[in-house]
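First chain A sits with chain B, and in the next complex the same chain sits with chain C.
This part shows the complex of A and B:
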């Protein structure tokens, strides 16, 4: 029989056990469009951060002279370079458009009013305005990517 | 004559019973119940046990689990009480989504294999039973009671009526339906990565008392949630509101509270505060 103190030590050491951790946001499939939008917002955010670091490195090559700058630019003139740039266009458009939606919702706008919940419960915060916002962000991103692809690939 | 009538009646009853039994038998099917098993205290690794359980149209997951516990393996650990979605004890992950076992019918899942796991983000005590200590700690930190130095209970001789209009009640009524089942806490991705984050349940309670016009601790309530690991860790994934079995909509409460924090939403003058102010206590 364990003492109370031993039990407390045991439970304190197991506090973090069974936490979902990164798995929680890497699997967006279970809870609807708002969770998918949360997942996409994070993924695009991480991607844009990586792009930002690469962009700083790319631009800093300018200090090594014109040849170094041109050599760096050459990397974006390949098919893979174009595909990467199209992804940058798509992610930045989605991240911005969805970010604007979140700026409103996370300050209490466009969510509806609290009231008496009636069965079958339908959360007012996850209303058509949110879903429309997510779809608008997705459509804008797809349109921007198509436009970018047209310029990058048709211009060759 | 009377005896003949009785024989006739008993025959009709028998036919009726047989018909009913065949109806029940046609409704009955067998499902495979996969139950998560782990006893951390004994240091054994986790595994799933599989049970074949007969179910009917109205069988809930809790009924199926209790059948398995009653007839197939009595060592399964489950926590339950009211069996009617009022106590919030039987929360568990059922086929990947946090739900109340008593509130989830096997027929609505529409799959032949039902997997029951303990709620994520809660330490496991045994099998499907989880430890709610942290969860309740966060709840308590929100001071889930009305702050009002002028409440009638202080001086019973000066009893006054505290009028609340239906509109006033509707501001917080939804959030007061919380049964503390922990489903929102286990569905929240921010809770999954930050142990200090209070979680949707506690924050919805903070909103519940903030919105109540009998409460006069507006600023101190905002100060409690306005911390590094507080309300700003919510990223509006909305999963808490999706899984809530009582229609509380914690995501709504959290965003509305944030609106007040950034002063986008105007604070309505609370009756309790104006009373306290008139008595010179604020």
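This part shows the complex of A and C:
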């Protein structure tokens, strides 16, 4: 019987490399709503992480006094700054709502019962509940963006 | 390399995501004109923001938001980077990089909260 170390060396030397990487993400030939949602979840997640790092850095100007804070506001409280914030509102709303859908999916809720694989082999897990979850996330994001625009541009 | 199982990390990912949703909601609510009674741009004035930071409850909320989003965000980045490539060097490198970046960001954000609060 092989030892754990020998077993690990065997599997490490025989594992298949994931060669598609980013290309698999961006390949449009296999897109369904679920795939668009998968792609958007990651894209919005990376965008929000970059925004979050930037937000922590920009708000640190608070400790340098009023002038530094006002200089930062002059950069961000512009029409372009507001448009960027509206994008942040939309992406964060989509990421949250779709994330909750994924949470339900991961815990098996809304997936349906497994059935016999009959032609045309539509998986029961990719059902109307999942698709409507994606639509709800998109509609909520659009609504939040409209509300955010209303507040951000109210003073202009 | 990792002390935790991936299944445990995913639980932390989901819990931190849902918890962040609530604290971010409060963070946004306190800027809304219907709550503050003043326009959005006025709520961002230096005196108002400093007053917010000097409120202990709000400072705790900011710190928890910083920690939750940093954990959720950098673990999300780790998951994405692990999907690109799989080998021991890459996986350990990604884990160390995201952990260090997460700790650095939390430390930097905490410094702002402490100084603005008057504790630092």
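The rule is short, and it goes like this: the second predicted complex is superposed on the first by the 135 of 156 C-alpha atoms of A that agree within 3 Å, B and C clash if a C-alpha of one lies under 4 Å from a C-alpha of the other, contacts with A are read in each partner's own complex, and residues count from 1 in each chain.
The rule we apply is simple: contacts are C-beta pairs under 8 Å (C-beta built on N, C-alpha and C of every residue); 3 or more make two chains touch, one makes a residue touch a chain.
These numbers were taken from a predicted model, which means no experiment stands behind them.
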So, does A:22 touch the first partner chain B, the second partner chain C, both, or neither?
both
Considering only touches as defined above, state whether A:99 meets chain B (first), chain C (second), both or neither.
second
Applying the touch criterion given at the start, work out whether A:66 contacts chain B, chain C, both or neither, answering first, second, both or neither.
second
Have a look at where A:109 lands relative to chain B and chain C in the superposition and call it first, second, both or neither.
first
Could you tell me if A:32 is touching chain B, chain C, both of them or neither one (first, second, both, neither)?
first
Going by the contact rule stated at the top, is it chain B or chain C that touches a larger number of residues on chain A?
B
Could you say whether A:123 touches chain B, chain C, both of them, or neither, answering first, second, both or neither?
first
Indicate the residue numbers of chain A shared between its chain B interface and its chain C interface, in ascending order.
15, 17-18, 21-22, 42, 106
Under the definition above, what is the set of chain C residues touching chain A in their complex?
10, 14, 17-18, 21, 24, 32-33, 39-41, 44, 46, 49-50, 53, 66, 69-70, 73-74, 76-77, 80, 83-88, 105, 108-109, 111-112, 115-116
Where on chain A does chain C make contact in their complex?
12, 15, 17-18, 21-22, 42, 45-46, 48-49, 52-53, 56-57, 59-60, 62-63, 66, 69-70, 73, 77, 92, 96, 99-100, 103, 106, 151-152, 154-155
Which residues of chain B touch chain A in the complex?
40-41, 96-97, 118, 120-124, 130-131, 133-134, 170-175, 177, 186-189, 191-193, 195, 211, 234-239, 241-249, 251-253, 255-260, 262, 264-265
With touch defined as at the start, can you tell me which chain A residues reach chain B in the complex?
10-11, 14-25, 30-32, 34-35, 38, 41-42, 102, 105-109, 111-119, 121-126, 130
